[in-house]
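Paired with chain B in one complex and with chain C in the other, chain A is shared by the two complexes that follow.
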Partner chain A sequence: MRDVAIIGVGMNKWGELWKSSLRDLAVEAGLKAMADAKADHIDSIVVGCMSSGLFTAQEHIAPLVAEYLGQGKVPATRVESACASGGLAFRAGFAEVASGLSDVVLVVGVEKMTDVSGDEATFTLGTAADQEYESYNGATFPGLYAMMANRHMHEFKTTRRQLSWVAVKNHANGMKNPNAQYRSEVTAEEVESAVKVADPLRLLDCSPITDGAAAVLLCPLDTARKKAKGHGLVKVLGIGQATDTMALHSRRSLCELAAVSEAGARAYKAAGKGPSDMNCAEVHDCFTIAEIMAAEALGFAAKGKGGRLAESGASSLGGKIPINTSGGLKSKGHPVGATGVAQIVELTEQLRGEAGPRQVKRARTGLAQNMGGTGASCVVSILGAA
Partner chain B sequence: MKTVGIIGWGADIPRNRVKVEEIAKVWGADAESYKKGLMLEEKSVPSPDQDTITMSVQASRRALVRAGVDGADIGAVYVGSESHPYAVKPSGTAVAEALGATPECHTADFEFACKAGTEGMFVASQLVVSGAVRYALGVGADTSQGAPSDALEYSAAAGAAAFLFGSDKTRIVAELLQTYAFMTDTPDFWRREHMHYPKHGGRFTGEPAYFKHITGAARGIMEKAGAKPSDFRYVVFHQPNGKFPMRAGKMLGFEREQILTGWLVNRLGNTYSGASPLGLTAVLDVAKAGDKILVVSFGSGAGSDGFIFKATSRVAKVQGLAAKTRDMLDDNKRYLDYGTYVKFRGKIRMNEE
Partner chain C sequence: MRDVAIIGVGMNKWGELWKSSLRDLAVEAGLKAMADAKADHIDSIVVGCMSSGLFTAQEHIAPLVAEYLGQGKVPATRVESACASGGLAFRAGFAEVASGLSDVVLVVGVEKMTDVSGDEATFTLGTAADQEYESYNGATFPGLYAMMANRHMHEFKTTRRQLSWVAVKNHANGMKNPNAQYRSEVTAEEVESAVKVADPLRLLDCSPITDGAAAVLLCPLDTARKKAKGHGLVKVLGIGQATDTMALHSRRSLCELAAVSEAGARAYKAAGKGPSDMNCAEVHDCFTIAEIMAAEALGFAAKGKGGRLAESGASSLGGKIPINTSGGLKSKGHPVGATGVAQIVELTEQLRGEAGPRQVKRARTGLAQNMGGTGASCVVSILGAA
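Then we have the complex of A and B:
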């Protein structure tokens, strides 16, 4: 396997982008990544997108993106794994380069979510749960994650306030990210008095509905070393992927993300690193409880201590392991297919030392964790400054 | 140029109310989120015998009393609504007939979502400016529609406001200083033929629709008139909920005190075509000579009409001649339970034999 480098990144300002279509979003991010790398050609495109069909009635989007990027003839593939679509598109792009199948691969994550009503968006996102056993019976993701939160609070005495600290921290980080959807500070009191969505989760515990795209350009590390222009080099140290049961009720524990632990273990092994080697991490905080549980599964906190990690400030900028310096899904936004790619964009900027006011000092190694559903699919990528 | 203005105004608000909590209880919704988030407490509900035509007649009669004008002298009657009782057959003919304005009278019904009322006022006022008619009546009225359990059900209310325009200097209560219209094709809210309830684009109804057009029209008319927010004693915006007009005011640099007098929505609900016109009636009820008033409507689809009025010394003399809007809002209220409310609104399917 060849070593793989990230030579270009790009994303747009995320939000309710009434004036941008699915293709506009994907093309803007893709062109930015190509411009960032000063690339004059690409050999292959991988597009991560969860549900362009239900959100915008457009399937078959890989050739659409290729055509509108002006790359009409190159192989173009779409990858889908619910909210992990972006992370898995990155893994597929990595595999193409590492295996020698392609040299220069553009990975684009995109989702256009605001062309449908809130109810339709909830339905569409719900297709990532087990339709027959969960969705048909009325479960939605806020409801499923609320059950996980309640169980976590019951078993580990995690507090309502600890959930709030995750949102407070991520909004504080998002304030420093010009691409974030919600660049506003929130207080723990505001989180706790926000509209209740599914007890104990309130509106400010939940990631929003977002339009957005992100893109990264990959090539063999050797080529990158020869052609590196301007930026510090970032290398993919290891990627791990794992699977858990589709339905939450089939799991041994409601407050354990087994696929995250497994994907993390595989990524750490591939990279030859451990949790304490990480200088920063982007984790999948679709709900505040998800960040707490992911931090535990990835070894940043002992089991049951994820709430304290956020409360103690250890996961804040300047803390021991800054988590979601980008603002996370909570503040940056969660265009589901784009999220996993945007995590790679954030890590790359951190490892290049280009993250501006949210820069983690001496960041050499970082981790991105992206998952689908309640964690049925998970991919963990570890990047390092080369 | 001759002076044209409002010579009489009148309002009508049904006495029935339903509280936000009563609706939320039925649908398992969080009443607090509507009360806090949208600043809504209760809304008016028409009785079974009240509709856009009857409310328009009532409001217009009050306008005629204040104006001291005989119905036969009205040269044009325009009723703006999105709940005209008939799909084919005008509301305006029935209103004009009831006022005694027929047969020598021009009439038309207007439709432009929630700004149909100010469209009627716009055209009525300009016919007087042109000299085509001596007096012209513009009415905004609605028995607003919102699908059960939809967010709109918490606000869709009923009410009417009527304004008689003329150019007799002795009768003018509020001189019309400026008009302005701002509109684009923006599909934020619509109802197709045979659909029972309107549909809306959720959050799309905010930034690109309401706020863009309200602020566009407000800035446009102030620029045209060489005016700034502090020149106005009162400002009235279309009020689909409590929050939107307050936020629009803040965006434009108006103080809360300038908005509050014409801000009825928290206890009236959204009377659609009647909303900003009713706000203007509440302002005229208390205005003093020299007060400048800015009115900016909004209708989905989408557009805003702007008007600048200046109250004359006559306004205080006629305020007490007919029922005042705040009194109709505060007094003689009757609270309905959800069942009675849906019966009154014709939402229960009856045996058709």
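Then we have the complex of A and C:
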């Protein structure tokens, strides 16, 4: 396998982007990544998108993105794995370069979620759960994650306040990210007095519905070394991918994210690194409890201590392992197919030293964890300054 | 890149399979491919599926298939490119093995289309066209392909009868395929008196709506040589992929399938072969005119002579280049995400000499061409007996 470098990144300012269509969003992010790399040519495209069919009545979006990017006949493939679609698209792009099938690959993650009503969006997001056994019986994602949160609070004495610290931290980070959807600080008290969605989760424990796209440009590391233009080089050190049962009720425990542990272990092994080597991490905080459980599964906190990690400030900017410096899904927004690619954008900016007010000092190695559903699919990517 | 072999194939008998769910179909085909290879272990899964969201309200199907196959934590990825989803999944599985990311990869193509009404199915298939410019204005696929047919008849004097020969030939082949949906011979007169769908296309010019799945198991050629169990070895010689404009009206000509030509040229180059080296071919005959145009784009007939190819018998079983020995989409059925994988199943059986009454004599090299929409995406795979 060839070593792979990230030579360009780009994304939109995320939000409710009523004036932009799915193709507009993808093209804007893609062109930004190409401009960032000063590249005018690509060999192939991978698009990550969860449900363009249900959200916008448009499947077959990879050739559409290729066409509207002005990239004529290039091979273009869409990858879907619910909210992990972006992360899996990144892995597919990596495989494309690593295998030698393509030299310059553009990976675009995109989702256009606000063309449908809130109820329709909830229904569509529910297609990431096991429809026959979960969604059709009324278990939507806030309810499923609420069960996980309740069990975690029961087993490990995780507190309501610890959940809140995740939201407080990520909004504080998002304040520093010009591309974040909600650039507003929140206090623990505000989180705890927000409208209840599914006990114990309140509105400010939940990631929002977002339109947005993100893109990264990949090429062989050798080529990147020769052609690097103005940015520090970022290398893909290792990627791990894994799956778990679709339905939450099929799992041994509500407090374990087995696919995250497995994907993390594979990524650490591929990179020859461990949790303590990470200088920053982007973690899939679709709900506050998700960040807590993912931090445990990735080894940033001991089992049951994920809540304490947030409370202690260790995962804040300036802490031992800053998590979600971008603002995370919580504050930056969560256009489901774009999220995994935007995590790579954030890590790349951190490892290049270009993250401005969010910059983690001496960031040399970072990790991105992106998952689908209640963790039925997961991809973990580890990047390093090269 | 490592050389890649096909060590197992399997599919269901296709049709309106009211008693089988999406996951049932995928698991049945996957287990058959694993049994065919006498394999009980896989390293990763790629699923090709066009629109499980709109057809069955279930996205995120790759981990679902992994779980129900009893394959626990393995990485699983879904690939979508409308009716080329299966072919692209095959390419993604190839990349997975070729790159060294996985050793044993199961590729499953699946679509469950009959859980919705005919109108809903037409709407869903329309999401493979450019929704904003085509589908929303009433241009469904029979209409779009009818325009291509009319233009082809105008420019090249292709006759109504030549269209019919494609249907007659493919139904004759499908009669010999126990897995085909419509195992019934048709005559040219029957095709021409069938109900008109979009002039000049009649019902028997159109592929049907189908439930079904198909699967192939891949591994490195070196491993396959050591472990081959009872079947002739089949090697992937080359794969080409390309795109074209989504909307038909953006093309230079209604009679050119540029993505097919480009994907074909790439596949021929990768394989070091040309059209005359092919002993059999599976071609994307979603409509009779599609086979005619694809045969031209792939070099089996000169430009404008695709109709004559069918009429002459050259593409019949026993002819110079037998096309769609499986029955094609026309007779075998067209569960959109499964079609591209089923083409690989057919070629593998041909190259192993296991195609029974459909066997092409001395078949050593074969080609599969799978496309999405009116040809906005295309993948061409060339296989050889190893």
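In this text, the second predicted complex is superposed on the first by the 386 of 386 C-alpha atoms of A that agree within 3 Å, B and C clash if a C-alpha of one lies under 4 Å from a C-alpha of the other, contacts with A are read in each partner's own complex, and residues count from 1 in each chain.
Note that in this section contacts are C-beta pairs under 8 Å (C-beta built on N, C-alpha and C of every residue); 3 or more make two chains touch, one makes a residue touch a chain.
Given the structure is predicted, the values throughout are model-derived calculations rather than measurements.
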So, A:E16: does it touch chain B (first), chain C (second), both, or neither?
first
Have a look at where A:L367 lands relative to chain B and chain C in the superposition and call it first, second, both or neither.
neither
Go through the superposed model and pick first if A:G118 touches only chain B, second if only chain C, both, or neither.
first
Between chain C and chain B, which one touches more residues of chain A when both complexes sit on the common chain A?
C
Using the touch definition from the top, say if A:A95 reaches chain B (first), chain C (second), both or neither.
second
For A:L25, is the partner it touches chain B (first), chain C (second), both, or none of the two (neither)?
neither
Please indicate which partner A:L317 is in contact with in the superposed arrangement: first for chain B, second for chain C, both, or neither.
neither
Where does A:V195 make contact in the superposed view: on chain B (first), on chain C (second), on both, or on neither?
first
Overlap of the chain B and chain C interfaces on chain A comprises residues none
Partner chain A, residues of chain B touching it in the complex
30, 32-33, 37, 201-204, 207-208
Listed in rising order, the residues of chain C that touch chain A in the complex are 1, 21, 44, 50-51, 53-54, 56-60, 62-64, 66-67, 72-82, 88, 91-92, 95-96, 98-101, 123-124, 126-132, 135, 241-246, 250, 258-259, 262, 372-373, 376-377
Within their complex, chain A touches chain B through residues 16, 18, 114, 117-118, 195-196
